[in-house]
Amino acid sequence: MHPHDMLPRDIAVRLIAEDGTALPDEAYALPAADVLLAAYRGLVEGRRINDQAGALVRQGRLAVYPSSHGQEACQVAAAMVLGDTDWLFPTYRDSVAVIARGVAPAEAMVLLKGDWHSGYDVRAHRVAPQATPLATQLLHAVGFAQAAKHRGEDTVVLALCGDGATSEGDFHEAMNFAAVFHVPVVFFVQNNEFAISVPLSRQTAAPSLAHKAVGYGMPGQRVDGNDVAAVLAVLTEAVDRARAGGGPSLVEAHTYRMQAHTNADDDTRYREREEVQAWLARDPLLRLRAHLTATGTLDDEAESRFAAGAEEIAAAMRTALNTDADLDPEDLFRFVTATRSPQREEQWQLLRDEIARSHPAETMTTGGPR
Amino acid sequence: MHPHDMLPRDIAVRLIAEDGTALPDEAYALPAADVLLAAYRGLVEGRRINDQAGALVRQGRLAVYPSSHGQEACQVAAAMVLGDTDWLFPTYRDSVAVIARGVAPAEAMVLLKGDWHSGYDVRAHRVAPQATPLATQLLHAVGFAQAAKHRGEDTVVLALCGDGATSEGDFHEAMNFAAVFHVPVVFFVQNNEFAISVPLSRQTAAPSLAHKAVGYGMPGQRVDGNDVAAVLAVLTEAVDRARAGGGPSLVEAHTYRMQAHTNADDDTRYREREEVQAWLARDPLLRLRAHLTATGTLDDEAESRFAAGAEEIAAAMRTALNTDADLDPEDLFRFVTATRSPQREEQWQLLRDEIARSHPAETMTTGGPR
Amino acid sequence: MTIAEHETPVAAHTGTTTTMTMAAALNRALADALAADPDVVVFGEDVGALGGVFRITDGLTARFGEDRCFDTPLAESGIIGTAVGMAMNGMRPVVEMQFDAFALPAFEQIVSHVAKLGNRTRGGMRMPLVIRIPFGGGIGGVEHHCDSSEAYYAHTPGLTVLSPSTPQDAYSLLRAAIASPDPVVFLEPKKLYWSKGEVDTAVTAEIGSARIAREGTDVTLLAYGASVPLALEAAEVAAGEGRSVQVVDVRSLSPFDDETVTAAVRSTGRAVVIAEAPGFVSVASEIQARVFERCFEYLEAPVRRVTGFDTPYAPPKFEHWYLPDVDRVLDAIDTLHWEDDA
Amino acid sequence: MTIAEHETPVAAHTGTTTTMTMAAALNRALADALAADPDVVVFGEDVGALGGVFRITDGLTARFGEDRCFDTPLAESGIIGTAVGMAMNGMRPVVEMQFDAFALPAFEQIVSHVAKLGNRTRGGMRMPLVIRIPFGGGIGGVEHHCDSSEAYYAHTPGLTVLSPSTPQDAYSLLRAAIASPDPVVFLEPKKLYWSKGEVDTAVTAEIGSARIAREGTDVTLLAYGASVPLALEAAEVAAGEGRSVQVVDVRSLSPFDDETVTAAVRSTGRAVVIAEAPGFVSVASEIQARVFERCFEYLEAPVRRVTGFDTPYAPPKFEHWYLPDVDRVLDAIDTLHWEDDA
């Protein structure tokens, strides 16, 4: 591949215009109608999950929620392009992708509820724990893919990160290891223009983040991140390439974080309302709905079926999160290592004694609480 | 600048062929004859320094020496392109560049002799301490340039590293910070095909290391690192750009590490002799000599004058290194911090007491050594 | 408008001193340092327009300009590494690491350069930089947001490590840190950011000195950061039980004030060290060992420590089981071989 | 040809056991682990064709192929981070960090993931990986090549930290480390790489157990890694001076064998901890504190420590002034309140 061919396009790939019109593209075909309909359902559910989680934060049922409101096209596409044997490596902002991949919303929210550091069975859904230390998970994704390749397994790994995370050294090392070892990883950057308060212009001076790919010897591509059709097409190509032994690639989605970084953030301090408003017109849901309605793929029946499904998910979230989990303090010690440490066991016993003293009725101890 | 214009050439810039013939280039002019003559003198001295240091290692006068034999064109050019107010940030392999910049050979060798971690006055010569932890110094170079820019000083910083070091996260962060803050730094990678035993192919899958530049939004260029004329021309352009406020850039020199990584290394374990032999034909000295002789710039008188000068340096190195420095054990404590620490002072006193006991005659103590 | 009067960090003037939160005190210290010395620059992630996720740099960019207080790309090694370069070139960078765990990507720069460059150059280049880290737990933060990594820094020769527990110390110690020719890791107990106290900006602090936070004669509690108010609370409860408890705020972890601490423990003959960090190979174990060694003949009982467990920091809902609390401190005091023991 | 018979690491058969260097024992342990378990992979910088800068991986690529032992790009966070990913996907990576200080770029991966991923996933994913680090000084290495950073790892909950001092332990502990379901930081004392001893590959080691390296009744020396031979040497000299010195090789820094160590010190009533790392907030201070706390009633004198100074590691020509030596150990023993003291 000539270096020029590893460069992304000057303008991000788009398959559906903001008004819903299909835009023919020489390289990427519009996904089939049923795929787009499934994507739309995902968008509706994803939006509902984001909004429901936001409400649960305000009600104090979630400790924190980094919303992907506005980025649902990326979230849904990330889950849709993966097969059963593939793996997803998400960040804290990718709860919708995690749920779209099959994790129960209540389990996906365990981290944000504060009940544990991660709450789902990673192997059951082939989803790594959501990562907080930025860009670190990209290396895990590469190593994971290396192991799969080593054993000759049919696994493609999709590794997610934000625009800010591309500045970390680990992003660089992950891209480089993936390219040198030619492993089946797709790096998917959701460039939502902000890293908390820091705008993209303070993150990079590059023509685009996808231009970094050539420096590792892999193809890079840019896509309109609010056009789920385009994201599906571009990611599918990248996943297919990886599966066929064509090695890693980098996809940058241009999107926008419509809400504050998390509920704890105040975005009025660092960006103009007009800027946020302007992105409303590019909303991924409205765009796809316009397209599907115009093409007759989406009718009122389907629309209300999807809405009802999304409501069900939201209701399940509320039920799950309004229930206080039965937490066992001894879990603090239970999982640290698989092998024993006398030091920790001593501390564990101390905690057990404290608990026994504070719940004397439930235990055999004779001493009362302090 | 269009992204394509940030990409390096497909073939590295060359101005003098291996047989000494000048190669006209549309973008880079051949440096003037007197500049090339000065460069030649530098090459002769640099080669002599490398060989002398190697001998001193074998005689046990230096603890270790990472030779730049074969890379002298890069070393000499790095020093030559800088002005008085500029700064050089070298690595362990760049002793010849450090000396070419004006540091006394004996002072440059303090680290490798084991007398201290660095032995020259960094400010007098505007040369940072030689860095061992790979790529870390690139960030220092960027911060240094940021400070200079902040104060409006006319300082360009030339930051050196090897091909292996480009894989470190700090390389990435340095390139990115430099580009985002648009500071006057030139990154100069001496790609000598090896990182100890690891060949370039295990370091990167990129078309070239210079292709990384576009991913940061800066120009990258490749140059034949054994053609000092080309290295001078390309680096000068980069330094001039930085000085004029044009921001950072990346220059990759293609060269070859002719000797083992250090004297402690055994390169027969990982590379064929034929490969090393093949690079003899591209020797930077022979090439420039052929050119200067053919063009009548270099005569026997100058040749022997340069050789004599190089011998003088070598003799000075021998004298300096064959003398054991007068080391003061208390230096262990003297420089750790500028402020006091009672903990360290207690230990310092302990050491003083020990020394007093082992040299009772020189001190007031009455107790003898153990 | 002065920074201390600014919206978020609460501050109110009362005579010559001012009552303010620790956050406001830190903000004020940064502002005063920026105003006093043109070589001081403040940078990090989100410290500009946002004013930091804890608002400690609130208003600094507006007041001093983008040149003096600015956001960087998201890369901690880059932040510390460029700060090293700036310090090499005569600046006094004050950088913010967003949370304790997010300073770890910069660990090589901190250990191999920040701590060593002055020594390497035989004092030819000093490292007058300050690394501010909001540290510790108690705020219900999710994983990676509540760690206490002072042991890593205190073990590293060449670093000064400070942690204030009052707004006054926050102000005075941060000013002292910025003025120091040596690199300082400045650990700000997140849990105390919104605690209030009087601050006199004319008060200067000496790095390396501990503070007697409460007088007492029966037992000495040694603590720093967020464990100091805990120790004071425990002392209060113990007083009710008839025990006179002395509290020492260590505040300068390295260098360490052996003189004050040794004298304190010798005077009571009993001691408990309190810290949130996991106890194994910790600052608490260092203090325990030092006190043992220096007060051996004076001790009525072994020195105890009450620390975080040797487990990863707890998830938010488990925090109250994880953190040292008054009961644990009182339990530890109870073990100190009292004459009235059965 | 077996690996142990290979060119560089010296090995010679004598009956059922084999005399070999520690380097050869480590090489043998890696080879045996690679042969025994297809999930084991060995990688790092220069571990392939070169066999590692200390030749510990010598011959492994030739014998097991590029797939099982290979070089990586030069990036330590990348090495550890991909090892984490491999461990998540069922492999048992054994990675080499070229020198102690060059593991620091990977510190975030080690602390935030290697140590925590098992806990994060409630045991759903374990981290059976081994980080081999040639550690310590005494070999005349230049800056960054002689550090001892065990304190950083031992303080981090979730990490097992081991350091052998004999070829037998090098073999058996490395095999145990590779077999462990938990992550192990395996610290190889560079200074002892070429020391020889008998190795029986059938001997298994238990992680978490200390070893009585020499019996003695008057005082206990507690050491690990390269400080163990130093302790033995000091014990020998002290024996000449009429003192019976016990030596305990701690070898498992975390978890720590309180049982053996406590019993040992109680039996003699006196103790000195020896370690090369700077002493402040160190494994030595932890051991000192633990021994104090657990043996308080048995101690005739304060426990002492002999450690590296709280300075950056010395340049080669200063090493002999920096490192703990026999005289310093004997001096420390002398302070332990002997009956015959004046």
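Order of writing sets the labels: A, B, C and D. Residues in every chain begin at 1.
Following the convention adopted for this analysis, contacts are C-beta pairs under 8 Å (C-beta built on N, C-alpha and C of every residue); 3 or more make two chains touch, one makes a residue touch a chain.
Everything quoted here is computed from the prediction, not taken from an experiment.
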Item to check | Comparison of B-C and B-D (more C-beta pairs in contact) | outcome: B-C
Checklist outcome for this item: Outermost chain relative to chain B, judged by CA means, is A
Checklist entry - Between chain B and chain D, what's the gap in Å when you average each chain's C-alpha atoms? => result 35
Checklist outcome for this item: chain A to chain D, mean C-alpha position gap in Å, rounds to 40
Item to check | Rounded Å distance, chain A centre to chain B centre (Cα mean) | outcome: 44
Item to check | Multi-partner residues of chain B (each touching 2 or more other chains) | outcome: 116-117, 133, 167-170, 172-173, 176, 180, 202-204, 331, 336, 341, 343-344
Next on the checklist: Two or more other chains touching the same residue: where does that happen in chain D?
Outcome noted: 72-73, 75, 77-78, 101, 104-105, 108, 112, 116, 119-120, 143-144, 157-158, 254, 256, 280, 309-312
Item to check | List of chain C residues in touch with chain A within their complex | outcome: 45-46, 48-51, 53, 71-78, 101-102, 104-105, 140, 142-145, 280, 309-312, 314-318, 321-322, 327-328, 330-331
Checklist outcome for this item: Listed in rising order, the residues of chain A that touch chain D in the complex are 116-118, 121-123, 128-129, 133, 136, 138-148, 150-151, 169-170, 172-174, 176-177, 180, 331, 334-344
Checklist outcome for this item: Residue positions on chain B within touch of chain A in the complex are 3-4, 6-7, 10, 167-173, 176, 179-180, 182, 202-207, 211-218
Next on the checklist: Applying the document's contact rule, which stretches of chain A touch chain C when the two form their complex?
Outcome noted: 63-64, 111-117, 132-134, 164-165, 167-170, 195-198, 202-204, 264-266, 269-270, 325, 327, 329, 331-333, 336, 341, 343-344, 347, 351, 354, 370
Next on the checklist: Going by the contact rule set out above, which residues of chain C touch chain D in the complex?
Outcome noted: 77, 101, 104-105, 107-108, 111-112, 115-116, 119-120, 143-144, 151-152, 154-158, 254, 256, 277-278, 280-283, 285-286, 288-290, 292-293, 296, 299, 301-305, 309-312
